Amino acid sequence: MPLTKADFAAVLLTFELASLTTLLLLLIGTPIAWWLARTDSRWKQPIGAIVALPLVLPPTVIGFYLLVSMGPHGVIGQLTQSLGLGTLTFTFAGLVIGSVFYSLPFVVQPLQNAFEAIGRAPLEAAATLRAGPWDAFFTVVLPLAKPGFVTAAILGFAHTVGEFGVVLMIGGNIPGKTQVASVQIYNHVETMQYAQAHWLAGGMVLFSFIVLLALYSGRSSGRSSTRVWQ
Amino acid sequence: MIWPLARRNPAIRTVAGAGEIQARFKVEHAGFTLDVELNLPGRGVSALFGHSGSGKTSCLRCFAGLDQPSAGYLQVNGELWQDSAQGVFVPAHQRAVGYVFQDANLFAHLTVRRNLQYGLKRIPAAQRRIALEQAVELLGIEHLLERLPGKLSGGEQQRVGIARALLTSPRLLLLDEPLASLDLKRKQEVLPYLERLHQELEIPIVYVSHSPDEVARLADHLVLLEDGKVSASGPLKETLLRADLPFVFEDDAEAVVDGVVTAHDQAYGLLSLQLPDSQINLRLPHGPLPLGQSVRIKVKARDVSLSLQQAEDSSVLNLLPARVVDWINVAEQAHVLVRVQVGGEQLIARITRYSFDRLQIQREQLLWAQVKSVSLLSTH
Amino acid sequence: MHRRLSQALFTLCISLSCIAVTQAGDVQLAVAANFSAPIPAIARGFEEATGHRLVTAYGATGQLYAQIKNGAPFEVFLAADELTPAKLESEGEAVAGSRFTYAIGALALWSAQVGYVDERGAVLKANKFQHLAIANPKTAPYGLAAAQVLAKLGLSQAVAPKLVEGQSIAQTVQFVASGNAELGFVALSQVYKDGLLTSGSAWKVPAELHTPIRQDALILKKGEHNPAAMALVEYLKSEKVAAIITSYGYTR
């Protein structure tokens, strides 16, 4: 196998990035999805559309705006500088933030679908059985939405692994910090090291296939009829 | 008796009014307004009766705090649960209600036992008035405890739902058409348990239904709802006698009949109407109307009497050939409401039990209906 | 006689050019990203002179190479280096002997902030910046040249932790232009127009600090029988084009 140390470092970094991103996305995505599933607010559609934007935008657009907004003159950049964090471009933290934006709909939408499928009825039953809103959320909603959470986590993770455009725009190709597998593949192609490119790219194809296979077979054999994916 | 009234939740304010439930709810949805004021007894079964869309379930949800009326007041045996004038609204999970949903609404991810324990373990031990075993025995669900709700029949689910609600030791039990989604056999399976609740619980029960049979069988107190308003409320038998829904057993019943204007007798000022699917004409004092005009009339049960002969010598204006359909005994036993077919329409005759026996009335019997007076409802 | 001949030749030229106009065609051109700035001016001049039209695709040289190898319809290729065209020629993807150097690139150390970069590049030695952007030396010739400059100045070690790499020289400019990197090595052509710096501050890196960035062009197999491709190559060698590319900071 012609893979170098840098290649392995890139793969490892990719998994670190995807794991951390998925964890953050579940924490951030759950309240957003819950709100979207429940609200009658006139802001529901605009917020839903914003969350879904990364589905249709080229990653380079997200990357470009992140590059500008996280830069020293941008909104995020000004904020992080005033907090004494410097700017986040070319850092692992910056990639995590970019990935969170980029993969947000892949986590929010399955969760929102799961929450909507659950409906109000189980919550009302819980309320008449003396469970407060938080109690009901943890003892009724979370268990019922479990298939949705599994789908959301898998999709969020896999989509982050497959991220390229955003990393390219804000990463700076720094080994061990921002040089992830997809960028490494690009480097190999550009430098005509096709054998290494094949090993990495083939690995990505295999990984993605296994993830989707797990997702599809898990869904068809799942005991819950909960609709978790459109 | 299973338990005396549970101790009050100290966080909830008390007001005068032990022994009764006072409620005022005003809810406005798109195209529907619920505006009711109710005084219900503090024990026994109060039935909220009405057609679908009359506001029964909305009303029950206000009792439970699942919906928050725009204006409302609710006190249950002296506990103040809502008073919008004072900004008091006790959220659903802090009200000591048991709620039985129309479709049971069990937690699909929990076994029957865990469903039952869900409410039970959220009640402080000192406030529990019923043990799991008692509820299980009362509803006959021992054999179901380790199953998941998805594996139960509708009737079994409903019994589990009732037991689950009881295990919260409620001070008010609310049942939302618990039999509506069940077939006849399952209804027969659950009804005896509901009757046991009625006999054995000392807490008030509010029971929503659109079935006269269930109401007659279970209720002590009846509230009739129509288009979001209370049309009648009171002890069951009184209310049935007083009210004017033809299908609830009642004295003041009336029939609505459609007809077509066929003639007008100017000399006597009488209008003739032909009943549908027949040559039968009905006359009433009325000014002239165009021939062929459709009209709707109301015939009160007390204005209809029955005779075996075509009594030519009677002062009664209308003497119509009729066929007996069925009859209902009215609560006080002295009267019988007999439903008869006249042409394509049905009338209700209110006659004494004595007359009923003397005429030896039977189903399908042909006789004469004497209609003393008729009032015109509308022309269309 | 002489006069008549020249008259005849003139007539012939006119009619030939008429033929050229009537037979005007498109040239599918692949251009390395760093050379994107002069292309509009060149395309205009080429169309005026010959009637042919340029259809241009920009990209990183390595990426364009991969596309050419896999059947991209390009007829003429303006690379950012000499290696890639040489490779294509030896692999039989190009018209033999058509390869020539169309421009020699110049490197600039550039900052978007006015006064940040001094005339002699001392800012590099001071090493007070957070990020120094360069193009990926493995994939971009300007990146390689930048790495050579740093080595020659003995700064490779010192600035290594601060290096951020753009995948192309265009992306490197973006890092600097957006302020995310205070300064970076870019192609002079990207920040230079009509002999003047377009914005910020820059140090024109002396050519002796790195191997010359020879940018070679060649006619690809797909353009072998396209007269417009031949015409383009001839036009690129003209004095008119030399003037254009000089104004963008290239030499020839």
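First chain written, first letter: the chains are A, B and C, and each begins at residue 1.
Everything that follows uses one rule, which is that contacts are C-beta pairs under 8 Å (C-beta built on N, C-alpha and C of every residue); 3 or more make two chains touch, one makes a residue touch a chain.
All figures in this text were calculated on a predicted structure; none of them were measured in a lab.
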Contact-graph separation of chain B and chain C, given in steps at minimum: 2
Remotest chain, chain C as reference, centres from CA atoms: B
Chain whose Cα mean lies nearest the overall Cα mean: A
Chain B and chain C: spacing of chain centres that average the CA atoms, whole Å: 88
Centre-of-Cα separation between chain C and chain A, whole angstrom: 39
Rounded Å distance, chain A centre to chain B centre (Cα mean): 54
Chain A, residues touching no fewer than two other chains: none
Chain B contact footprint on chain A (complex, rising order): 121-122, 124-133, 135-136, 139-140, 143-144, 224
List of chain B residues in touch with chain A within their complex: 64-66, 91-94, 97-99, 101, 105-109, 118-119, 122-123, 164-165, 168
Chain A-touching residues of chain C, taken from the complex the two chains share: 60, 62-63, 65-66, 130-131, 133, 136, 138-139, 163-167, 171, 174-175, 178-181
Sites on chain A touched by chain C in the complex: 64, 67-68, 70-74, 77, 86-87, 89-90, 168-170, 172-174, 183, 186-187, 189-192
